[in-house]
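Order of writing sets the labels: A, B and C. Residues in every chain begin at 1.
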């Protein structure tokens, strides 16, 4: 899914470890008997699919959001999406049934690639979320295979690792990462009864973004879905925690958010907007409800609201809010319909990581555009209007008003965002 | 798309293949959320060196005129104290001074002012100031034997009043009444526009009348009809 | 040399309200639409967000959102024997400078016209006799469409724009609130009326005491967040007071940007060419159809966009000028009143009263572009004209629009010195205690009010400017005097300490002074072919695949702002094209 695009870079760091670790330990993680249920004779290019399986497979594709990473200007699924990493540029592959794509793969190859990261040219980089797709059932895999066979073939020869520097261009290095962090098992529950968890942990690969990662960019299982940094954005906690997570929201409002990009309080933007636009809005109400129900059951962090900052310290921020923010976000932080997010009762605003807030102020942003809620309104950039310190005042105000409470924003965090995003300085004015 | 099939090629369409053409063609909704650079606010910082009012005598005349139009008194600073002379210099140096929005093709017809019921100009505001300020100074020298800027205030007021009502004529090169009106609107613009343009220093003009400035939400106040709301004015760009 | 683009199903010239409404309908119907606009792309959050918008000098004084006279102007004269002069500075032509047209910087008055406005000639003759309609000067003609026929399309436009108001008449029944004189509506407005501000309170109280019928003007400044039938979300007006000449930073002023572009721009069968100015249309050899539009791009290249259907949705001046410059249909000749293109130019006939109060707090800076109270007791034919020397009337309204301090500096009680300490003292006192009554009067066409191409002046492309010949009809002048007297009575009843009546129609018409910016006509619609350029579906009588949409089509002008009627006509035309024309291209009406 889209969010992985941001993570792709950092995972490559593990290649260093893995280069040393690739060895016989790989035996277990590379064990492929789970793929034996798949045919190993007919290639994707030659496969004749059953239309009903194709329709089901399209739905599986939507949950997995394959197009987000595998489409870039050359046609759907033709690959070419560049993932900039500190170790070079990784390019997403062509997954159309062309000879330059995966047309020569058999269904068994396909299973190995998706669920175990074993590709036709060697091991895949975990920018491909096989760590989540491993949970896909055989049935969903068969259907997805059927769907992919109907994708129009596109000729687009891609050397995925040409832009990666040695030794990170050695695919076998991934064996070490797999050895450390990849558990080669399928879904451990009932895909029907545990439908919500099945989607969240399977195709949806929510934890890819919403769980924090360790130094080697592997998800920290003890902090599952408790929020993760993606560099230029932050995927907030989506557990039952009532302060920072979704514990305080109804199942209906979570499902509405996933389907339309907003529940009238929070509004999806950035990577989450992509997830909603390309994937979540296509899911059935039943599945979205199941996901929401599951998320509300996930044990959360122990974060609790601190005492709000003293009102006296918020006066300047309050004035700036009234001047610049309230026209869209409401005099009482109530937001503006489906257009602009509310700040009152919006747990995502209160996360200790303020990346999304500082990014919005510096760069602006566009809300998601869905079939049901197409507007996709814009948030303007304020880099030209406010200093870092003034932005901190505004954020402290919105994070500590209308029932909100959060620790003070660090001016240096905002300064870092200004530098990292390349946003301009505040305009000079006559004194 | 069946309806497209119902259309037939109308008229005598050329059979030649369409030529690819470069155009500012837009498909899809733009995703770039940065401000269009042409729409960013354009604060004007004078820095002390004049671009149009380069002659000392012109600056002295403008200052004298502006400070009679908006003098210092118990309601606040004078126009020049509020930055209106620098404001004017920067406005005349830019698109306004160049008459960039005006239709300036000649000839100017003899009946233009009468038909329009308001004076028409092919000259730019910058040119009108150059001509007008020189004519005003010449008028003062001729009638008073002194620079306009050095005249006593009552005499300055009398000349300005005469320009306003048409009893003073600065000569054939100047539409005197129109030049007075140009200076009057420009000094008001300087005194009441956002301080980012160099005038209205400390928002003196806005404080004088009770205009709260560049605010964008009065929902918390709109129901308090008939009240003095006492709102402090704010500029488009706050100080650091 | 003119290069040629790939043919489209439809080319739309001008992407303002009319163009955007039509493009939305036609792309939804599956047609491949290319819109050409001379302006640059302009949008809410990237161009006029809340922190850029509230700047009077830039947007109201310098009018940076508008297309300047340098690029788009016209010449004018009052009578046939005069030499027309160019409008050199800002005046009555307030054209949009960017994509979205004037629909981006407009105030947001969300009116419908009254039933009478569509049948001025017929109803005047029926009620007052032929002599009242044919006084030798007036050139009255009906629209070929009635209010009732247009009502569903008014309704649709109001839904798309989200207009805020309170219905006065629903399905023939008076509601007891709203405007009791309005044409019957199928349902109430999509959003409730905006708040009643101080100037409106004073006006409402006074007119109620006088037995008149005040109501809140319907506004395309929205009172609450709203989702329109296209699924587009809009915001709630914050009463910031920066509407007319400004964009809207919080999505609450209806515009093509706020209401239509979010869906239209995302349709794969829609393309817009920006910074490209159409100068003429190409005609087929058979003379019965047009084949496309020719534009000049930013680099000065001339390019043709061929299309099966050509739709002119530019400003009324440009619709008229493009037809004249392309040699399509017969130009109007004022000497014998033959010909149709350029016919029936109308304006608005404006009078009113400025008012100053003692020790009140009008707080003019709290406002919305269209917000105000109005009485229609003296509008249209809502009052008996038997003993009056005119037809029609005016909407008499007070505005709570804005408190722009540069512009308002002229609004001081009569006799006050306009500069010096006396000015400062007076302005400090009256800035917050000034209000105005504005009589937005109808405008009736005359035999000599028309447009043609100017013989002397050209634009930057070398195309002759449009020449406007017009002066107020005596009937309208008499109406303006009558309504000015009514507004003076109201002002006194409101308790103003100073009143000052004004009447733009006591002098000749001029384009250089803004009485109104509602210039109208030139490509009049009608059921009668000799007196109209387009039929009741705005289809050219002479070229059946050409549609000319906008206020250019109004044969008469009303005492209301035109945008709602422009929108309704555009939607009606688009539906006729999608439902009928594409299945069987040809004349939609026999004539």
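Going forward, contacts are C-beta pairs under 8 Å (C-beta built on N, C-alpha and C of every residue); 3 or more make two chains touch, one makes a residue touch a chain.
Please read all numbers here as calculations on a predicted model, not as lab measurements.
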Among line, ring, star, complete and other, which one matches the pattern of chain touches? complete
B-C or A-C, whichever has more C-beta pairs in contact: B-C
Please report how many Å separate the Cα centroid of subunit A from that of subunit B, as a whole number. 50
Cα centroid separation, subunit B vs subunit C, in Å, comes to 27
Could you please state the distance in Å, as a whole number, between where the Cα atoms of subunit A are centred and where those of subunit C are centred? 48
Residue list for subunit B, restricted to those that touch at least two other chains: 29, 33-35, 40-41, 214-217, 219, 236
Identify all positions of subunit A at which a residue touches two or more other chains, and write them in rising order. 323-324, 326-327, 364, 369, 376, 378-380, 385
Two or more other chains are touched by the subunit C residues 43, 45-46, 49-52, 236, 238, 240, 249-250, 262, 266
Can you check the complex and tell me which residues of subunit B touch subunit C? 1-4, 6-14, 16, 18-19, 21-30, 32-36, 38-42, 68-71, 73, 75-76, 95-96, 100-105, 109, 111-112, 115-118, 120-122, 157, 160, 164, 184-185, 188-189, 192-194, 197, 205-206, 208-219, 221-223, 225-229, 236
Subunit B touches which residues of subunit A in the complex? 319-320, 322-324, 326-327, 331, 363-366, 369, 376, 378-381, 384-387, 390, 426-431
Of all residues in subunit B, those that touch subunit A in their complex: 29, 31, 33-35, 40-41, 43-46, 83, 195-196, 198, 201, 214-217, 219-220, 234-240
Residues of subunit C touching subunit B in their complex? 3-7, 9, 29-32, 40-43, 45-58, 61-63, 68-70, 73, 76-78, 82-83, 85-90, 195-198, 201, 236, 238-242, 249-250, 261-262, 265-266, 268, 270-276, 283-286, 288-291, 297-298, 301, 303, 306, 308-309, 360-361, 363, 365-366, 403, 405-406, 409, 418-421, 423-425, 427-428, 431-432, 457-458, 507-508, 510-513, 545, 578, 582-585
Footprint of subunit C on subunit A - complex, ascending: 323-324, 326-328, 336-340, 364, 369, 371-380, 382, 385
